[in-house]
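The same subunit A turns up in both complexes below, where it pairs with subunit B and then with subunit C.
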Partner chain A sequence: MATKAQSRITPLTILSVAFVIIWVIIASFPFLWTAWGSFKVQGDFFSKADWTNALIGTNTIAETGSAFTTAGYYGAWVQEEFWRAVLNTSIVVFFTVTISLTFGTLGGYALARSGYKYAFWLLMAALVFRAMPHITLVSGYLLPFFEWNIWGILPTTIIVLVAINQPFTLWMLHSFFLNIPKDLDESAMVDGCTRFQAFRHVIIPVMWPGVITTGLFSFLLAYNDFTVTRMLLSQENETMIPKIASFLGSTQVQGNVMFAVAAVVSATVPLIVLIIFFQRQIVSGLTAGAVKG
Partner chain B sequence: MAEIQLRNISKRWGSFVGVDNFDLTIPDREFLVLLGPSGCGKTTTMRMIAGLEDPTEGDILVDGKRVNELEPKDRDVAMVFQSYALYPNMNVYDNIRFPLKVRGIDPKSHDEKVRRASAMVELDDFLHRKPAELSGGQRQRVALARAIVREPNVFLMDEPLSNLDAKLRVSTRAQIKNLSHELQVTTVYVTHDQIEAMTLADRVVVMKKGVVQQVGTPTDIYDTPANTFVASFIGNPAMNLMDGELKGGTFHAEHVEIAGFNAPDGKVILGFRAEDAGLGDADHHEITAPIYTLELLGDATMVTVRIGRELVAVRGPKDFRAEIDDQVSLSVPKEICHLFDGETGQRIEA
Partner chain C sequence: MKHRTFFWFILPTLSAMVLFIALPIVSVAVQSLYIEHEQVLVVTESCGPFGCDETTTIDTEATAALRSEQPLGRFNGLGTYTNRAHLAFSEIGEAWRTTESLGDFFNELLNLPFYWALAFTLTYTFVVTPFVIVLGLAIAVGVNNLPRLFKGPTIFISLLPMIVTPLVGALILFWMVDADGVIGALLQRLFNDPSLSLKATTSLNWVMLIVYGIWSSLPFSFIVFYAGLQTVPHDTMEAAMIDGATKWQRMIHVVVPHLMPLVVFITLIQLMDNFRVFEPIISFQAEAHARSLSWIIYNDLIAAGNPLYGSAGATSLLTIIGVAFLLTPVLIRTWRDFNRKSV
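Moving on, here comes the complex of A and B:
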C-alpha cells in the first residue's frame, strides 16, 4: 500500500532518478560500446577517420555486405581456439572456488567457534598474506615450479590461486559464522547431531548467502586473474584473460584485435548472467549482519 | 526416567571459578530450579548436564551411569535455549521434527509425534510458518515443542521466559508448569527470577558466584533462608535486613528494639518480611522512626523507614495515610524475625 507521502513526486525524486539513470549509462557505456563494436570490423571499431563508423559500421558494410559481422567471434572462437581458454578458465575457476570454499567454510567455522587466542593470530596472519601483491607469490614460486617440472599446468595455477584467495575466504566466512548464534550449533547438538552434522544440517543452510557471496568473490578472483595465469601457464593451457591480452598484443595482424574485442564480450557475458542469477543471495549475503537468527 | 547426580562438579576457566564444588542429586521427575543473579554459574551447571561444557572436576551421573565423556546427543536430554535457537531456514513443522530426523527415528511416526507435540503447546495453526514470522511467545512454544517431541529423559530450560513480556511470561509459566506435570520428566530450569522459581519448583537451588547457597523447597528457602543472600534474593519485596547488636536477648539498632531472642551477644543482622510485619499497636511497636516514603500498591500501603543505611519496608493497611517524615511505629514481633551472623551472614537459629 503506497501512502501519499511515498507516491508524491518531488523535484528531489526526479533529480535523483535522473542522476541514477545518467550514472548507469556512464557506467555501462564501455561495455555497451564494446559489445556493439564487437560485431564490426576493425576499420570501424578503431576508425581514426570518424567515430560514428563504429556505430553505423560503414566499413563493415563495405567489407561484408551487412552492418553486423560475426567475423571477430569466428576468428576468436574457431580460428584462435578461444574455447580452449574458456575450458581452461572453467577448470581453474571451478577448482579454485571449490577448494577455497571447502577450506574456507570449515576453517572459518572452526575459527569462529574457537575460544582460543591463536584463532585471532591465525586471522591476522591470513590478513598479511591477503595484503601481499599476487606477483610476490608467483616470483617466489617460479624457480621451484620449473625445477619440479610442474610449471605451465593447470593444477599448479589452481594451487597458487587458492593460496592467494584462501585468506580472504577465511576472513569473510569467519565473520559470517560469527553472525550465527552459537546457540544454533548447541541446540542442534542437543537435538542429536554430531558437531559435523550440526555444521552440515543447521549452520550451512543458514550460511548459504554467505557461502554464495564468498564463492562469487573467489570466482571473480580466479576468473579475472592475469598475473598468476600469465606467468604460470604454458600457451596451450592459457586461460581467457591472458589469451585476450595476447590477442591485443598482436595488433600487427589485421583483424586480430577484433578477436580480442569479441573475446572480451564473450568473457563478460557469463559474469553478468551469474550475478543476475545469484543476485538475491548476494544481496542477503552482503547484508547478513542485519539478519537475526 | 532419570535421576541425575552431580558429584562435586566444578568448572574453572584459568583462575576464574564458574561453578564451585556443586554436589546434588536430582531425583527422577523432580522439577529443580537453579536460581541466582547473572554470573552465578547456574547456566554453566546446566550446560555441564547437557554436555555443552566439560566439568573441570567431578562426575555427572544419569541413572547411576557416568556421562562425563558422552556427547550432548548421547545424553538423551532436551534443552530450551534462552534465545530459543530455532532453525531459521526450517518451518515450524521441520523445526519440531528435526530431533526425530537426526536421531533416525522411524519416519512413519514423525508426523504423529510432531502433531502431538505441537498440539500440546497450541501451535497447530502455525506449522508452516518460518520462525521469523512468529511472535516471541510462539517461538518460545516452538522451542518447547521441539524439546518434548522425542520424549527425552531430562529437560533442561535456560531462562525460557526471559525474552517474553510480563503478561506472556505469566501464562507461559503456567503452561510450563502444566506441561511438566503432564510429562513427568526430570527437569532442570535456570532462572534469575525468584517468582518463577517459587511457582515452578519442587526444589530450588540458590547460587551465588558459583557456590550453592541453599537447596530446599520453595517454602524452605522462603521461610528459613540460610543466609542474608538468600534472604535478600527471595521474595518481593526482598526481606528487610538491618545491622544491629544483640545484647541479653534484645536486638538494638537506631530506632529499633526487639526483645526475646535466645542467642549469644554480638553483631547480628536482623531480617523480616514486609508482609509479616505491620503498623505498631499498644503491644508491639518495636520500630519507631520517621517515614522515609509511602507507596500505595492498591491492596496495601508500603511504609518505608530508614534504619541506619538500610531502608526497611512494612506492609500496612491499604487505607493508611501519612506524610513523609511523620513518626510511625511498626510492629515487628520476635516471631517473624530471622537472625543472621553479623560477619558471615549465616542464619542463627534463635
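Moving on, here comes the complex of A and C:
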C-alpha cells in the first residue's frame, strides 16, 4: 500500500536498490561460476591467462573435443566413489531428522505447556548448550567412543547429531507450540483424554507446519556438518562433506581439483532444490525466534 | 502440566542432551587433567670385549600395554593449562620482564599458540558481527523498496551463501581468489603485480576469512531484519511523515529503534556462531596464517598416531569459558526479565 509520497524516487532509494543489486551479484556469482566451471577442465577453471577461457572452454575443447566435459563428475562419482558418501549422508540425515523431531516435539510440547520454573531453566540450559562449539564436544567423545568400540559407525554419529540438534529444535518447537491455543488440548483432557492422548489426537494433527520448518533446519545441520562427521566416522563410512575435504588433501594434481569442484557442485544442488521448494518455511523459521522475542 | 507427565515428555530430549552435551563437557574437563604416557624406555647393557655399552630402546609392547591399561594417560593436574601451548604463564612472565615496550610484549604474546588463536577468534567475531548487522539492515531496507515481483527471487538468491555448507561455500570462494582463479587473476591485473597472492600474507588471509564470514552470515541478519521491517507500525511512520521527517530521519528515528530487539537477537546468535569459526580455515588452507580456537583443538585431535586428548581438553575447556563470558550479559538480562515477569 505504498502511497505516492512513499514511492517517490529519491537518491536514497536509488542508492539502496543499487546496493541490493550488488549484493545479489556477490551472493550468486560464485555459485554460477563454479557450476559452469565444473564442466570444464582444470586449465580452464583456473585460467590465469584469460578469464574468458573459463566461459568458452578453450582448453576443454583442445583436450576433449567439446566445450563441456563431465570428466570431473565421472572422476568424483565413479572413480573416487562419491556415491558411497552420498548414500551415507542420506542415511545420517534421514535418521537424524526423524529422531530429533520425535524427541523435539515431545520436549517442546512439554516445555510450552509447563508453567513451572524448571521449564525456564531447561530452556536456558539449552541456550548455553547451543553455544558450545561442536569441536569441544567432539574432543570429549573421542576417547570414550574408542574405549567402548563404537567409534566410526553411522549410528553413533546419528545420535550425536541428534543431541547437538536438540537445543535448537527445542527452542523452535517450544515457541511454535506456544502459538497453539492451550484450550485445544485442555478441552480434550476435560473430555477424558490423558495428556498423551490429547497430544496424540489433538496436537499432532495441527503441528505439521512447525515441524516441517524445524525439520528443515535439522536437515541443514546434519547435512552441513563437518566437525562431527569428520572426527567420528571411519573412512568407509565417510559422508559427503568430509569426503570433499579429503579430496583437498591430495594436492592440486591435474584433474584432481576438478573432482572436488564436481563434488562441491553435486553437494550444493540438493540445497538449492530445498530452497526452491521451502523458501517460505526457511524464512519463517529464521524469523520465528526473533520476531516473537 | 503435572511434574510426572512433564518428566516423561522431556525424558528423551533431556537424556540426549545430558549424555552427549553435558557429560562430554565433564569428560573434557577430566581429560584435560591427564597427559599422554611417555614411552617406556629400556636401558640394556651389553658387554663386549671392549667394555660395556648402554643402549636405550623403546619398549613398544610395554608402552602399548600401559596405554591400553590407562587410556587417559597419567595424571598431570593443571600442568597442561599452564604449559607453553595453552596459558603459558611462565612465558608471559618472561616476556613481560624482557621486553622493552608494550608492542614488543604483544608480539611475544602472539607467538604463543593459544593467544594467537584467541586473537584471531576474537578479531573475527568482533569484526564480522557488526558488519553483518549494518549491511544486513541496508540490504533489508533495499529489498523492502523493491517492486513485489523482484522480492521473491532476491530472497532466494540471498539465502544461498547461508544455506550452503560452510566448508563448501568457503571452498567455492577459495577457488575464485586462488592466484589462478577468476578474482585472484583479476586482482593481479588490477594491481599490476603478477606475484600478488591473497594466500601469501597474514593480514590478507585474515581479510579473506573475514570477508567470507560476512558473506556467509549476511543472509541471516538480512532475513530477520526484513521480517522485522514488515512489522514497523504504519501509524508512527505516517505521523513522522506529517511532521516533516525525511526518509533518512524516519529510518534513524522510527525504523531502527523498532528493530532494536532484533539487533540483540542477531548479535547473540552471531557471537555464538562466529566464536566457533572453523571450517573456513580448513577450506582456505589458511592455518599457516590464521588459527582459531576450534582449529587448534581439531589439530590436537587429528595429531597423527596419538591424539593429544589432554591438550585438546584443556583448550576446549578454555574455549567453553570464553563462550560463557560472551553469553553472561545475555543470560543476566534474561534472568532479570524472568524475575520481573514472575513478581
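Keep in mind that, in the parts below, the second predicted complex is superposed on the first by the 238 of 293 C-alpha atoms of A that agree within 3 Å, B and C clash if a C-alpha of one lies under 4 Å from a C-alpha of the other, contacts with A are read in each partner's own complex, and residues count from 1 in each chain.
Convention: contacts are C-beta pairs under 8 Å (C-beta built on N, C-alpha and C of every residue); 3 or more make two chains touch, one makes a residue touch a chain.
Nothing here was measured: the structure is a model prediction, and the numbers come from that model.
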item: Which of subunit B and subunit C A:G192 touches, first, second, both or neither; value: first
item: Partner chain(s) touched by A:V202 [first = subunit B, second = subunit C, both, neither]; value: first
item: Contacts of A:T157 with subunit B and subunit C, given as first, second, both or neither; value: neither
item: Subunit C versus subunit B, contacts on subunit A by residue; value: C
item: Touching partner for A:L184 - first (subunit B), second (subunit C), both, neither; value: first
item: First, second, both or neither for A:W23, with subunit B first and subunit C second; value: second
item: Which superposed partner A:N224 touches (first subunit B, second subunit C, both, neither); value: second
item: On subunit A, positions contacted by subunit B and by subunit C; value: 293
item: For the subunit A and subunit C complex, residues of the former touching the latter; value: 5, 10, 12-13, 16-17, 19-20, 23-24, 26-28, 30-31, 33-34, 45-48, 51, 54, 102-104, 106-107, 109-111, 113-117, 119-120, 122, 124-144, 146-147, 159-160, 162-164, 166-167, 169-170, 195-196, 199, 220, 223-224, 226-227, 231, 241, 244-245, 248, 257, 260-261, 264, 267-268, 271-272, 274-276, 279, 282-283, 286-287, 289-291, 293
item: For the subunit A and subunit B complex, residues of the former touching the latter; value: 181, 183-184, 186-194, 197, 201-202, 205-206, 208, 293
item: Touching residues on subunit C, where the partner in the complex is subunit A; value: 1-3, 5-6, 9-10, 12-14, 16-17, 19-28, 31, 71-72, 138-139, 141-143, 145-146, 152, 154-161, 163-169, 171-173, 175-176, 178-182, 185-186, 215, 218-220, 223-224, 227-228, 231, 241, 247-248, 261-262, 265-266, 272, 275-276, 278-279, 282-283, 285, 293-294, 297-298, 300-302, 307, 309, 312-313, 316-317, 319-320, 323-324, 326-327, 331, 334-335, 338, 342
item: Residues of subunit B touching subunit A in the complex; value: 50-52, 71-73, 77-79, 81-85, 87-89, 98-99, 102-103, 146, 156
